[in-house]
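Here come two complexes built around chain A, the first alongside chain B, the second alongside chain C.
And then the complex of A and B:
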């Protein structure tokens, strides 16, 4: 493979000749053609220039002969013109194109979760051991009446009817990832894992493959600006409907599934011709205002006979609190907020790395605003965008989230190594690709089990942390910012997060 | 500078002793018994707070709100009285009678006012009740008026509290000279703050009074939940939050007592699953809607109102509570020993189940709690 002018490889493949037995596993595994077998010399060689650092070859090499390292930086150090910046300029000078990236913002920006610490009980109240005592994480999402009303018969005479809600056995859901952006096996694994764990997967904007219908009670289906795969059957084969306004990785812009990925099955699922690009416009062209959003929300409620909660997903942007409040007043039963660290199959790098705000601030601001307006009960809040571990989740719930969307974490559980090249369609792990040679690598039984394990492990940890704080019901953690303290934050940041400093 | 009736130490919790006695037929009982009972649990308090609530003590002014006030100084008194005068007709005002005691120090200025809301104020709040106006007044004084604090605001009842051991506080307020059909008492062992007069228990609003032993781990969300409904938790004590939750659920949302208690200490979902369909629906509805009102963490609480006394434990029973009955009288206390002081040989004596309220109801024609 020809080396590109001026562009040094990101990685360097090191092959230990003592260990390599020329078995050619690496050759077969790499969709980026890094490894070649020279039959005449009977030797496997590697060309590092196209290596994305996905570790597929190294993971599967039976003798451990392959290792992958970051290519040593050979630029003179410069605080402004870093190696990454230079590489980007070289790429664009060569192609004249827009820089693309997969997954979430990879810049080393402040992770505010790491600046919040959790509380634990000591002496004055007992901690609770979740292995011995009940520990409740069951979560209902959806609109709630403000109060319960009884008729003259008292408790035997309950008048209040609950609005439609969805019930989660754990406050974790899988974020929207469309069939198309991820493979059939990956989408199937998410749906199965959601069902097995008593929670929900999200179809993304790519429609719902007919094979996934059996999982409809654990599916949230998305209505995005492209309206792919949306018809009345779609809306009624799900637990809830999500209107996607924006996505944390790329607020303000639409999406583009290249025609190469649109095979027969995806074509049928998305209801578009085979081989055509699936382009989601930046805005919904029937939503240019908040009142238009209300019309779409109620169109969906009508179509589903008011039996399903409607979620509105918005990217965390500057004025998020007012936007979320507007969405709730427009009739959203759930508001999903996606922070700027959220993942994606493809986004322009500049957008991914520079647009949007951290989920921590967005979540705190929205929860506070809805409470100030006295409408917090009218909608549940789901937070997403870069959740890495159960501690992040606990902190988000304490800030005010009802549940959390995990996307990148779920992909990593299935084998993703975060090479950030989803948009190339050459995912060696069989996740973000439609190439049948690659997709068959992802065994849905194994992937399902790994996803279930992840949710189970995180749920146990959430219970442990709750027990330590002395609460045995998730509703006592939700919005309970007394259990958070900030470290290394300015007064302004503490005020926006609504938490005290450590030591206070 | 903050006076000794209020501090801003933040969320305040405490270990404590509580006890209460109620004659369901409304028979007046002298204050001396309840003082002896709470004194019996002396080691459960540390001298940083004690107090009593008494119901039926102002029969001659039973239709007027009795505002028990604490003031830091003359300026606080003037400011507090200005706020009262704006809203209320004051029918009678007097200092709260006390005994000078060596052990009670730094006492605030203590007055009580017997008031009704001015008709012209009611016209401004034409879609609200007189109770609502009194709540606004109490909230506004406790939140905004420096140097003034409303201790209690109910009719025919009063709260007497301060910094000291409860038996000394009872003696200081000359409670042996009062007779009430319902008494509750509290000895305080504060862990998060020093002692301060306003932060002693009981906490009261209208004719609610609450004494509490415990630390509420859900405090942060309970307080924020109440903010939705216009309650400002000025004192940042657990007792304040419990009082407002009872006021919200039972007075404003008119929930039956059982439903209110279920909302605050609901059964576990695993228990709910074993119930019949109707019961499941009831509890699911209450839990889903009143998640913010769930009180979590260890507590045993005694809530009193004109017509009832409710003993109430957290749902996994992390704090003690014993109860007994003899004839028309219900006794509840942190320890059985205190009950034996109030009533040597009760007809029945038991320990409260987690999350299950023990209720005493006044059996008179005009008072019936659902």
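And then the complex of A and C:
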């Protein structure tokens, strides 16, 4: 076996001997065995080589004795052969394997949200104070009718039959994260927080654990290429059904939950034998065309007696507008678009970092296309993939989104430190793991509260920004690109985003 | 009375409760000094019991029919009338360890400095016992309980 001497540690642990009291909390908390207690010397020592930089030890250290720094060992600077590139080559030269990563694309690529600025009212139109005046952020997702007709009784006598919709108290939902990729406690926290906040969590492709049934009215269940846990009960114990075609972190790639994580509960939930790998194929093998997609959409609508909207989730890729248009024409009531910064539990690094397009462009292109074709009302658009704050959300809504999926942000609220090692199953924060030592670390009572707080905070901020713009209902902001201006963007970028430059 | 309740399903075995208990019952009440200079003289009143991934913090249950009080020959082990908390008076304790022998949960310890019993006093005078206040995962909570 090749020696690992070319792989230098990513981080260096610095332990302040003045502050360390040898209480060994760090030793007990590190799943990567970085810290050890030498009983004969009565001293705690650290081996930085396996540190992933998750900060668990530093966060729990009662004296603040532990700090974690980027490894100080620098390579000679090289614009092409960066330290990251060299490390990757060393890793592959040793393993001969595919590089894996967790979470979303970590390259410093342009964040287009930061190149868009919001409007505010001055003099000629009044801004609104959301603390004193009503501010509506209620959002409905689903198909809208072509026109509404009323009987002789007026507005209370609606003749048009409406399609099913789901009602969100705030235009924020939790992205699909399966039980299996995240722990039971993490999945439970998302479901509980969604219920408490009047919005929706998404089961992901791993089925719905029977304990989560009480949250069914706030769950969107996913039908993915592996069809894990899908039966008629599953489809009917939810608020909406989502067909997952692709994922922003790894468009064109399936999924793989290693057999070690498939314990009795996950096996029962996914309806696969215990200990077997849960492999989602790259495509749905019964969907090779828009017509095939239509068949699945209507099979699900039949199975749910046309009572639930059906969502189609696609990764943001080239020609996204045409693909989304096809999905709407196939019968999708909601189209979810996942940008290339979306997270994942595990993806090949090259795919994660190089495939897909920014959600900003995808969203603008899809909204524009659906409007041009006169079918925008037939489906709601949900944007996802790297939403970091409420301002990103407001900008997305102004670009044309009906609601936004937040995944990584939700995990961070629960304690995730983006160490990007989800695929190792050793999540020290108890989120992306099934190890019973680690899953206990996430108390769902605490995590639920933190998630609810996050949604609450963002919702308040959304209202504040809307008020500043003089908008008192999120409906008035939706697709209203007049409220956006671009800075530092080329004419082509501005044209695709459909926004004016600042100063115009 | 209010008692500390352990939630085994959330205990992560970090033992921060022990750390903070030790500091609270040290003379200096300063963590670094307590561990450096006073470790030999103070024993935490809480102890994390662990087997595999199952763990929980255990401290005196402050039983309504406390056997330790009955067993104490000097009257050192007594109940604080106002709060119901079971306390050991170090000035009266002679270190016969009968309280340790009779405690059904093993919550009384031998003090390391003077030969006196050491146990949880529910951090009398504090708003919240320090083990509860500092548990990072709310695995020990202070709750009103009717009985044991």
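Simple rule for what comes next: the second predicted complex is superposed on the first by the 493 of 504 C-alpha atoms of A that agree within 3 Å, B and C clash if a C-alpha of one lies under 4 Å from a C-alpha of the other, contacts with A are read in each partner's own complex, and residues count from 1 in each chain.
The rule is simple: contacts are C-beta pairs under 8 Å (C-beta built on N, C-alpha and C of every residue); 3 or more make two chains touch, one makes a residue touch a chain.
All values reported here derive from a predicted model rather than from experimental measurement.
Touch test for A:158: chain B only (first), chain C only (second), both, or neither?
First partner only, chain B.
Between chain B and chain C, whom does A:144 touch in the aligned arrangement: first, second, both, or neither?
first
Could you tell me if A:491 is touching chain B, chain C, both of them or neither one (first, second, both, neither)?
neither
So, does A:42 touch the first partner chain B, the second partner chain C, both, or neither?
Neither partner.
Quick one: is A:446 in contact with chain B, with chain C, with both, or with neither? Answer first, second, both or neither.
So A:446 only meets chain C here.
In the overlay, answer first, second, both or neither for which of chain B and chain C A:62 touches.
second
Please write out, lowest number first, the residues of chain A touched by both chain B and chain C across the two complexes.
No residue sits in both footprints.
For chain C, which residues are in contact with chain A within the complex?
Within the complex, chain C contacts chain A at residues 9-16, 19-20, 31-32, 34-36, 53, 134, 136-139.
Would you mind writing out the residues of chain A in touch with chain C in their complex?
18-19, 21-25, 28-29, 60, 62-63, 436-437, 440-441, 443, 445-446
Can you list the chain A residues touching chain B in their complex?
Those in contact with chain B are residues 121, 123-126, 128, 133-134, 136, 138, 140, 144-150, 154-156, 158, 160, 162, 165, 371-372, 374, 376-377, 398, 469-473, 475-483, 500, 504.
For chain B, which residues are in contact with chain A within the complex?
10-11, 13, 15, 191-192, 214-215, 217-221, 224-225, 227-229, 253-256, 258-259, 263, 268-270, 278, 281-282, 284-292, 294, 296-298, 315-316, 318, 370
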